[in-house]
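Okay, here's the structure, questions in a sec.
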Amino acid sequence: MSVIVKDFERPPASQISKLAGAGVSTIHECLGSQNANLMRHDIKPLSEGMSLVGPAVTVDCSPGDNLTIHIAVAFAKPGDVLVVNGHGIPAGMWGSQMAFQAVHRGIKGIIVDGAVRDSKDLRRMKFPTFAKMISSQGTVKKSVGSVNVAIQCGGVVVKPGDVVVGDDDGVVVVPRHDLQGLPALVRKREKKEAENRKLYAKGVTSMELNHYDDYLKDKKVRVVRDARDL
Amino acid sequence: MSVIVKDFERPPASQISKLAGAGVSTIHECLGSQNANLMRHDIKPLSEGMSLVGPAVTVDCSPGDNLTIHIAVAFAKPGDVLVVNGHGIPAGMWGSQMAFQAVHRGIKGIIVDGAVRDSKDLRRMKFPTFAKMISSQGTVKKSVGSVNVAIQCGGVVVKPGDVVVGDDDGVVVVPRHDLQGLPALVRKREKKEAENRKLYAKGVTSMELNHYDDYLKDKKVRVVRDARDL
Amino acid sequence: MSVIVKDFERPPASQISKLAGAGVSTIHECLGSQNANLMRHDIKPLSEGMSLVGPAVTVDCSPGDNLTIHIAVAFAKPGDVLVVNGHGIPAGMWGSQMAFQAVHRGIKGIIVDGAVRDSKDLRRMKFPTFAKMISSQGTVKKSVGSVNVAIQCGGVVVKPGDVVVGDDDGVVVVPRHDLQGLPALVRKREKKEAENRKLYAKGVTSMELNHYDDYLKDKKVRVVRDARDL
Amino acid sequence: MSVIVKDFERPPASQISKLAGAGVSTIHECLGSQNANLMRHDIKPLSEGMSLVGPAVTVDCSPGDNLTIHIAVAFAKPGDVLVVNGHGIPAGMWGSQMAFQAVHRGIKGIIVDGAVRDSKDLRRMKFPTFAKMISSQGTVKKSVGSVNVAIQCGGVVVKPGDVVVGDDDGVVVVPRHDLQGLPALVRKREKKEAENRKLYAKGVTSMELNHYDDYLKDKKVRVVRDARDL
Amino acid sequence: MSVIVKDFERPPASQISKLAGAGVSTIHECLGSQNANLMRHDIKPLSEGMSLVGPAVTVDCSPGDNLTIHIAVAFAKPGDVLVVNGHGIPAGMWGSQMAFQAVHRGIKGIIVDGAVRDSKDLRRMKFPTFAKMISSQGTVKKSVGSVNVAIQCGGVVVKPGDVVVGDDDGVVVVPRHDLQGLPALVRKREKKEAENRKLYAKGVTSMELNHYDDYLKDKKVRVVRDARDL
Amino acid sequence: MSVIVKDFERPPASQISKLAGAGVSTIHECLGSQNANLMRHDIKPLSEGMSLVGPAVTVDCSPGDNLTIHIAVAFAKPGDVLVVNGHGIPAGMWGSQMAFQAVHRGIKGIIVDGAVRDSKDLRRMKFPTFAKMISSQGTVKKSVGSVNVAIQCGGVVVKPGDVVVGDDDGVVVVPRHDLQGLPALVRKREKKEAENRKLYAKGVTSMELNHYDDYLKDKKVRVVRDARDL
């Protein structure tokens, strides 16, 4: 059965804004590298440099039918990101007309497990668009799917109000209950990386820094000084 | 964060048993052809003729790590089916040793969005196994994922206690709330199909039966009697 | 625009029947290994041992819509093979109900660049079915495509009345104008292969038989008697 | 058998030029979203912003052999676009030397269902190149295929003189008989979209504009005001 | 440059025969689950139950050209297995004529990273054949590649004299220097698995056996008794 | 068994520098179009225009584990290129921290048969990075693989000290023994191409230049002056 949920409680904007500068790979690490949170690598930005962050409005379409996105746009609020299960097939679920409408409604971007079209216009508008592919293939408007229920997108479960973050590395989903503690973990990791870079600049290797040479003492590892000694 | 839910309320066995004879394609149609319910076509049985039906015990593993399946097996009950998100990569998450254990615990089958191995033994045991691929690649046992939460498998969301049905056509997921009305719809459809077959045997075409020739009267359709008239 | 061509001139049955025993790979070779004639390798039989030969009734469907196949079945004649462009996506364009109807109308088989379903029944019926995949995904009946025009299927152009031949190796398309000379070429090749097998059984190598050792005299080829001499 | 057709009647240049500004997705819609006209989404421009429009000179090569393209270039006329079936494999069928020659002969671009190479030079020359992939793999010049017959490219049938249009969204094929009426349909659709954008800018939703909320009154759709009411 | 090495030292037949009963997954584990030893999962047997073991005669072909296999067959010795880099494309590198010849020369099987054809005959002959796909596509005999040098096949490096083992799970490559110790490791593992099965039959879980419940005490793991307590 | 080879003899820098300006496709041709030398087309630069040339330091990782790259970085010398077998799965084996370290150690670039992450930073740093995909997925540091042995990467065998050359067309591997003669062949080919371009600019076709019209006299080729004569 189709279920259309018009509204849900968004996480506080203050929590979302704290994630704005953080990279997807950093957030993924800080969430414990849980793959339940990371979309498949083939969900990627339409242009290099596109990024987005915001609470997910989830949309489950029938294959080749984008009616449900039209419905979701009408219920979305400023700051939201549309997260669409387009069932991974090359039907162009989103284009410049819908993006124009979305911009006027304050929607911050869209993620489609499937295709988008009017790619030239979407790039010119710089509307943050993450998708599996570009395809002109037309869609119909016949079957209502679901809005704001738990959906699959890019190989992960997304719930309404989960915060999605996208950049050149792809898309990570931050579950609502992990949101509060995350910014501190991100800052800690970024600080650690900055410190390591200073050491690397002085010629320290990551092998020394992390004592990875201990692994070379394992009996199952044969260490040879030169290829001629093999 | 990892979440391990040890137990949940199974749907009544009487409801599950009523689905035993029904085909996956028939059930999918009776659920309204919702693609939110049908796993990707690449999740297929290890041998022709394998089938399963039962409540899902859901398992979300780290990529290349099958520790969480061992945990889920210990908490599963007779009649359950394991539904595993193996993140679609060729790591062999399940083999004959685990299947042997599962049989002894009354588990009815397994579905893996990923790989299984020991395929010869699994086929000989006739343990209902649905997977994306066969791969010998070994796994580690290092990271705990989640058990009995909403997961992604084969491109759909599966919740603990949803009933999964698999046969040669693939796997369909019956949400708990759709379970009660489903057997009646299945019987109705099967009856209709039997009646149609009688008509087809008499030479009636499905075009006549369904008045599809009305479509040929559309102005956008050019009907030509013979290729030489083109 | 959609074009429905109800009838066309079939090649003589006597010419078609002469191809019945010949293998797809042999026919492909006798056609000069023209890749314009050989469908992509992923169009394969539903069961090992399925085979078909007959004039093509061509069908171009809208993606996810099998209405046009219903129309084509009504116009097909005994001995015909349905050749369907299903646009390569996992929508189940053909199932047991349609196959039942087709059998009663004398249709000899179907080739789908896309998916079929009710695979268990199709296998039990032994209805020759060649497809890219099995998928339960439902289809709609909304848009009329074309029947008996030049279509794409499996990466090749198929015209109504071309003879399609399928076996465990895949599907080859014999253009009408190549039909007459083909059986003689097939017999010649089969005879040659039988002679060669007699020589192989006596210990002759194909290298000797075809003087491939001449290639080893090329200056760009370095021949080494033993790996220790490298 | 190979068939080389040296010449054919091009559609009037005036008709072709009227399509120059129109987008691929718009043309696809105006052709009735027939998928028989739209190439697979993996046939894409070598650089963002590349576009082409012109009558197709069709080329069917043997796999890994680009001899037939050399032949076609010699027979092509200024304004033509080469449309090549390279059988989808990673052999580099086209490179900068051939593009240099093509530019000097007034050829407007090339579409390859297969690979091209010398991508850096092709991009620098801004020669409109649409292909499935980039691959250095060398080709031979041994087997003549066909020129200017019906071919398969990108999953569709292309005939000599069909007009191909390519942009960032991919490639659409306009059959000769659809050419005359098309520009008017395109202008009508563009006008309609401009009007809609004005309404969207005023805050109207596409749901209101198209009365999609009628779908929400369907008994099979459950509408919930807030996620907490589920 | 092409290099043809006619001969090399095979490992002792006594060592090879000791691997005959062992499964590919077991051997892979006993080699330390090194992925450098395991071919990609898409290299699979032509029929269920096919298996092979023997020293590799390595063959590197030009794409679409099987001349080098003819050369290798002439130099192979009874007991050898042909391991062919066919560059992963759908050209039918091996068929029934060559298999007939191979059987008469005592060759034990073939592994092709690419396609084979005459699949019906190969299955009837029960000639152990492992390949990526079946394709009728013809090959040429124009370019000499290399025989008995280090090659790539199925994503791993294979050297002449490495022992290849194939079964329903795929293909594993045993480097010559790992051969001697391997049978003892295999027997040890098989014994351990037999013991574990006895425990499983008594109702012991693998979680208990391996103390995996220790993982549940980790602070990052939330354990919940029942889904209603979430 | 894991093997770590700390050092090997690099080819003379003077030989490597002579390849700096040459394109990958040109080098591939000059090596005789041997496909044993050309990586799969899906190993591509992270940004258009990235290029690299240098002796390979080879790295074979466990799937999802990048520990061995850390080890290899410590043993690499200025001018080297890291060539990593990441087993083709979407685990992010390399990122900005490691690239920062590599730059400081004079490493000239990296090639990964697998994924990289921190793509935005890698692009900003302009560190020459060739990979199959971008993926944030985290890796572990548990298992030592091998360094500076023969590995598989992108479907070819790479040995330490082979020279790898990458540009927009992909990556070619120059075996050590082919290095000396190569620059002369490259210059010869480039000179020939420059001469041909002069002829093309005068209106000569490549068909005339290479006498390809001879092929049109073949009896199996039907030449037709105009499509209306078919």
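Going by the order they are written in, the chains are A, B, C, D, E and F; count residues from 1 in each one.
Note that contacts are C-beta pairs under 8 Å (C-beta built on N, C-alpha and C of every residue); 3 or more make two chains touch, one makes a residue touch a chain.
This one's a predicted model, so the numbers in the text were calculated from it and none came from an experiment.
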item: Fewest touching-chain hops separating chain A from chain E; value: 2
item: A-B, C-E or B-F - pair sharing over half of the D-E contact pairs; value: B-F
item: Copies chain E and chain C - interface residue numbers shared by over half, same or different; value: different
item: Where chain B and chain D are represented by their mean Cα positions, the distance between them in whole Å; value: 38
item: Centre-of-Cα separation between chain F and chain A, whole angstrom; value: 30
item: Residues of chain C whose C-beta touches two or more other chains; value: 1-2, 32-33, 35, 40, 63, 90, 137, 220
item: Every chain pair in contact, whichever chains are involved; value: A-B, A-C, A-D, A-F, B-C, B-E, B-F, C-D, C-E, D-E, D-F, E-F
item: List of chain A residues in touch with chain C within their complex; value: 63-64, 89-91, 137, 140, 142
item: Chain D residues touching chain A - in the complex, by the definition given at the top; value: 23-25, 28-29, 33, 35, 38, 40-42, 44, 48-49, 167-170, 172, 193, 196-197, 200-201, 203, 205-208, 210, 212-213, 215-216, 218, 220-228, 230
item: Interfacial residue positions of chain D with respect to chain C in the complex; value: 1-2, 32-36, 40, 60, 62-63, 85, 87-88, 145-146, 150-152, 155-157, 159, 177-178
item: Contact footprint of chain C on chain E as seen in their complex; value: 1-9, 67, 70-71, 73-74, 90, 92, 95, 97-98, 100-101, 104-105, 115, 117-120, 123, 133-138, 141, 144, 148, 160-161
